[in-house]
Amino acid sequence: MKTDSISITDQPIDYAAITEQVRSNECGAVVLFMGTVREMTAGKQTVALDYEAYPEMADQMLQQLVDEARDQWDVHAISIEHRVGHLTLGEISVAIAVSSAHRKEAFEAGRFLIDRLKEIVPIWKKENWADGTTEWVHPEIEAK
Amino acid sequence: MKTDSISITDQPIDYAAITEQVRSNECGAVVLFMGTVREMTAGKQTVALDYEAYPEMADQMLQQLVDEARDQWDVHAISIEHRVGHLTLGEISVAIAVSSAHRKEAFEAGRFLIDRLKEIVPIWKKENWADGTTEWVHPEIEAK
Amino acid sequence: MTVQQIQVRLFARARELANSDLISVQVQEGTTVARLRQALAEQVPELQPLSGQLLIAVDNAYAGEDQLLTETQEVACFPPVSGG
Amino acid sequence: MTVQQIQVRLFARARELANSDLISVQVQEGTTVARLRQALAEQVPELQPLSGQLLIAVDNAYAGEDQLLTETQEVACFPPVSGG
């Protein structure tokens, strides 16, 4: 039985390492999700994102998400890593790997984990727009 | 714009290479699915799987699946590799990577591609059970 | 009517049962997939364990039962797929 | 009633607006999250642009408005999250 893994890091994410953490002979399926820094958002060009976390609470919330996923799906192992600091275009901000005997569970738990992560894990990003301005991204006040 | 990639191979699958093929600054999301050789199936122990393909038709069907996925979702790039030959426990039989601007499309297209692959792509597997017997897996006659 | 030979590629359990990856089946010219199916059953009785399960592909696509067959097409016969 | 100081950690835009990652807020002893919110608004007017959006966490968990606060708890204040 593999143990789950959660971490907040200021180093580049090694997604193969995250994936290997969940692979097992007990599993027929692995799903890996990665968030990467996208250049264009709503017609505006980004050059970089700065991520900031409340690390102690983020750890707790990630653990809560792992527990919630295990309550709902029969998964074998979960590994989640979120990066903080200055990320340039194309870099990986988050990687979530889930393994399970069959594919349904790995897909559904993976989708659940990233959806919930974006709702409750205390991490924030600031856009560094190509025009030199910066802007914190806060979902509920984006419309402003 | 990245091009899609499909292949049938008798070599071990390098899932990082499949993943890198779809990554792009235009994307905020990458989903990778992998099928791996599971030791236990319905209480029986496997030691290996032999995969056989009808390679020319499998290529055509994989291309059809890519076209079907692109008809339904706004994805950036798709890369699919399926292995044939003798696979031992834990080895990767198939890897499917999908990238898109937002995560919804990558998850949905990835799930669609593996579901459809298992329905129409002419590839077959034979169980090498731990008791020394072998058995072709054919979904519609599994109940026998 | 003219008799023709259709070469049929076999895969997976069909290949193993027939102990060959290519068999020749004798049919009437202008035959259909459905008639090929009958001819296979008669001329290659080894495939009987897969009877009713066999799929027919023509030129790398799944074939309908009414599809006409010619000698120049690539025809294949195999059990339900189980890849992934 | 006794007055107490509550240390509040700030993150992201809240931290930038207040120009500090830790502020001290004066409240009555036995105060609630809702009253802390009021005290923040009065004593740290720099946070006004986030008014109505700020979330309060106590001991690394989201806090309800009626939750009681003590000096020994870790309290944090931040805008809606946007990780991933």
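Letters A, B, C and D mark the chains as written, and numbering starts fresh at 1 in each.
Convention: a residue touches a chain if its C-beta (ideal position, glycine included) is under 8 Å from a C-beta of that chain, and two chains touch if they have at least 3 such contacts.
All values reported here derive from a predicted model rather than from experimental measurement.
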Chain whose Cα centroid lies at the greatest distance from that of subunit B: D
Centre-to-centre distance between subunit D and subunit A (centres being mean Cα positions), rounded to whole Å: 26
Inter-chain centre distance, subunit B versus subunit D - centres from mean C-alpha coordinates, in Å: 49
CA centroid of subunit C to CA centroid of subunit D, Å: 74
Residues of subunit B engaged with two or more neighbouring chains: 35, 114
Contact pairs between chains, per stated definition: A-B, A-D, B-C
Residues on subunit B engaged by subunit A in the complex (per definition of touch): 15-16, 19, 23-40, 89-90, 101, 103, 106-107, 110-111, 114
Interfacial residue positions of subunit B with respect to subunit C in the complex: 35, 51-54, 56-58, 60, 82, 93-94, 114, 117-126, 136-141
Subunit C to subunit B touching residues, read off their complex: 9, 11-13, 15-16, 50, 53, 57, 60-62, 74, 76, 78-84
